[in-house]
Structure formats: structure tokens, C-alpha cells
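Chain naming follows the written order as A, B and C, and within any one chain the residues start at number 1.
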Amino acid sequence: MAEQSTELAELAARLRRLEDQQEIARLIASYGPLVDSGSADAVADRWEPDGAYDVDELSMNGRDEITAMVAGPRHQSWIRGGCAHFLGPAHVTVEDDDAVAVGHSLMIVHRDGEFVVRRATANRWQLRRGPQGWRVTRRTSRVLDGRAEAPRLLAALDIDQEHRSEEDR
Amino acid sequence: MAEQSTELAELAARLRRLEDQQEIARLIASYGPLVDSGSADAVADRWEPDGAYDVDELSMNGRDEITAMVAGPRHQSWIRGGCAHFLGPAHVTVEDDDAVAVGHSLMIVHRDGEFVVRRATANRWQLRRGPQGWRVTRRTSRVLDGRAEAPRLLAALDIDQEHRSEEDR
Amino acid sequence: MAEQSTELAELAARLRRLEDQQEIARLIASYGPLVDSGSADAVADRWEPDGAYDVDELSMNGRDEITAMVAGPRHQSWIRGGCAHFLGPAHVTVEDDDAVAVGHSLMIVHRDGEFVVRRATANRWQLRRGPQGWRVTRRTSRVLDGRAEAPRLLAALDIDQEHRSEEDR
């Protein structure tokens, strides 16, 4: 019976790793649908209260600034014209209560009856497990237009030890 | 031993939730390859016998109509010219024997030696677990060209209680 | 207790199937970020030492040739100009120590201040489980420009029995 207890604990630990991967993939898969439907609060809720969303031309700090971006006139005009924030499957790495996910996104916009790729972007998501589950602590996005920062973001698949949660070090 | 039985049952339930998510993601991941290779019966087999596929300009009811669309001259000419029905990772929600998956798709076509995005689309998949596993009961697709129905489809990530299977209510 | 042992073994087998699916999806999700950041050795390490990467215009055999492609002047110039190898979620099938994954990819390039879809591609990945986990034995990629080989690649979702590992037959 002691042996079965150990086996059970091992299975539970493996299961939790899969659940973590799946929960994080699901969070990221919600971003595009929510942002393209203007669900501003639901987008912001994917971040921690003081989480950051750092895009080339714009740095948002905290949920209110993320909500304001989605609800703002510029983003709303994309939605009215037709747009798709199309995210690919991210490469997710989990260590205890920290995670990093790296992947591409496309912003496709409808313009003059056609669809164009407005930009292709490199994304690095840093996430933390809290009482309500996984939340984004920082998303860094850089457009893949030749600037060196964008490929650099894609090269770092692992968790940056400097940025792990305090409690895990 | 009673305690271990309970733990086993809990692990089995968590495992099944992951399997459901994974099976549904896999079903959706099969759509693009099958439709772009003209595998008409295999595409239709992803739906329940009386399942619906509701696209802007076309409403298909039942497997025969889905098979006919894939085998039809219009779709076959896309394949001959070169096309990719490129689906992103969907956000999947499972409740017992019902599920909803929401995500984007792109239709990319080869034209005059170039590739163009013919359309970017919002998709909502409703699925049901049956004796042969998960099948689509309804896929609703609306092009993201500014029409209000498309973002509305993306806003509804959860299962619509009105549309759950009879037996689960 | 004998009954619980059997249940444990069954749970462990189901868990392993999910882990295999997830590990393979994660390997494929690493390709785009690694190739777009010029991480030549890390890309090659996803293949078995003698693995093959068979693209329309180029056939690479073994890790050294894959590393050379990523580190080579042509690929490096794509990175300098800005590019995204955007892979969709693949349909994965695992049988013991063999697996097949089928899916689409897009190559998006930055050109004259705009982003264009340079090609849409059909991919079939064959993988094998080894002592270090899953590795690619062959990736076959054909551009979806109307050539018949590309849709044919997408039609074959299952494991080709001829190509299974010797030890599993």
C-alpha cells in the first residue's frame, strides 16, 4: 500500500504538469477571441492586477491600462473594420509556479475588401500561478520586421532565472 | 484503501478532462488537413450525422451536404490552385458531454504565383460526446470583415446553456 | 489491492498517451521560434542524428545539414529582413514509440514595410521516441501551390505502417 501511495503521488504530479501546460495554452488561446470581440475586462483579467503588456509602441502596466487599450478608439476601429489577432500554439515551459510561453502572432486586418497581414510578432509570455490559477505577469511583443529584439525574444524558450517568483528561489 | 480509491477516482476524472480537451483539439486540428486534401467523407465524419456547418454564404445540414461541399467543383478548384485552411488553436470548454471551442481560421490561397489571405474567420464549434467520441453538432463561421456577428461569435467562450444536450440538463 | 494496481496501470498508460501528444506538440511549437531566431543547433537537435528534412527545393540529411541551413546566408537574410515561420497546431497520432504529426505552416516575410505570405506549406512529421524523448526522423514539407504532392501529404493523417520503427513491427 505504501508503494501504491507513492505511485499515486507520482501520477498526480505528472497530471498536474499536463494540466498546467493545458491551462496556460488555453489562457493564450483566449486572447485572440477576447481582444477581437472587444471583451476588454476579460482580456485584462488574463493578467495579474499589476501585470505588464509591453508592445513595441505601447507599454501597458496593470489591468486598467490593458482594459483601456481594448476599449479605446484605435482598437475599436480595428474591430469595426474587421481584424484577427491570430496566435499560434506557444511553446510552454512550467517550473513550479512560474511559466514562460513563446510563440508567434499575426494581426490580420480587413482593408478595401481584402485581408492583409498588418504585422507578424514575436511574443514571450511570463506567467505565475496564483490562487485563481495562472495569470500573465508580463507579455513582451516585438514585431518581426528585422529589429534584433524580436528574434532575441524567440531564442529564449526557457524560464529566465532572474525573473522567477521570489517565493520559488 | 478507501482513501486510495477516492484518490484514484479523482485522478481518473482529471485525466478524462484533459483527454476531452485533447481529443477536441485534435478533431479541430484534423479539419484543415482533411479539407485541403479533399478528404470529403473524413471531413463529414467529424460532424454528427445531423450536424450543421453554418458559414456566411452557405448553410450545410447533415454529413451529406458537408461531403458535397468538399467534393464539389468550387472547393476542388481551390485545391487544384493551392489553398490552406489554416486553423489556430481553439479555446475549448468541456462540461460533461458538451463542449464549445472558439477560434480563428485563415483561408490562404495561391494566386498568380503569390499567396493571399482570402479571409480571416471567427469560428464557434459546438460538440457532443457520443458512443464514437466527440463529434461536431454545429460549427458557425463568420468572416471578420467588420460584420457584427463575427466578433459576437468570439465573445462567447462559454457553453450556451440553451444549446446543451437534452440529457445533461 | 490487485484491482487498484490494475487501475493504476491503466491510468499511467492513459497519462503517458497524453504526455506523448503534448511532448510532440511542444517539439513542433519550438520549431518556429528557434528557426526564426537562428538557433541552428537547437533546431537540429529536434531531429534524430540521421533525421531528414525534405523540403521542395532542398533535402537535408542529418543534423549537420539542418544546422547549416539555419546558419546559412539565405536563412540569415530572412531573419535580418524579418520573418515568421508560423506553424499551426498539428494533428498528432502516436503508436507506441512512433508518431506522425500533420499540419500547415506559413512563412511570412517582411518586405518593403509590409508583411506578405511567402508560402503556405503542408507538413508531415514522422517522429520516434528514443532515450532522450521524441525526435523527428523525417519532416516532409510541400508548398500548397497546386502541386499534387502537397494535398496528398495532408490526406495521410495516420502512421504509415511501412515506416514504423523496426522494433515495433
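Going forward, a contact is a pair of C-beta atoms (placed from the backbone, for glycine too) under 8 Å apart; a residue touches a chain by one contact, two chains touch by 3 or more.
Chain-to-protein mapping (UniProt): A, B, C = SnoaL-like domain-containing protein.
The structure displayed is predicted, hence computed values, not measured ones.
*Asks:* Have a look at which chains touch which and call the overall pattern line, ring, star, complete or other.
*Replies:* If you draw each chain as a dot and join those that touch, every dot ends up joined to every other.
*Asks:* If chain B and chain C share one sequence, what is the angle of the rotation that overlays their CA atoms, in steps of 5 degrees?
*Replies:* 120
*Asks:* For chain A and chain C, what's the span in angstrom between their mean Cα positions?
*Replies:* 23
*Asks:* Touching at least two other chains at once: which residues of chain C meet that condition?
*Replies:* 1, 4, 8, 11, 15, 18, 22, 88-89, 116-117
*Asks:* Which stretch or stretches of chain C touch chain B in the complex?
*Replies:* For chain C paired with chain B, touching residues are 1, 4, 7-8, 11, 14-15, 18, 21-22, 88-92, 102-104, 106, 116-122, 143-147, 150-155, 157.
*Asks:* Can you list the residues on chain A that touch chain B in the complex?
*Replies:* 1, 4-5, 8, 11-12, 15, 18-19, 22, 25-26, 28-30, 32-34, 36-39, 79-84, 86-89, 108, 110, 113-117
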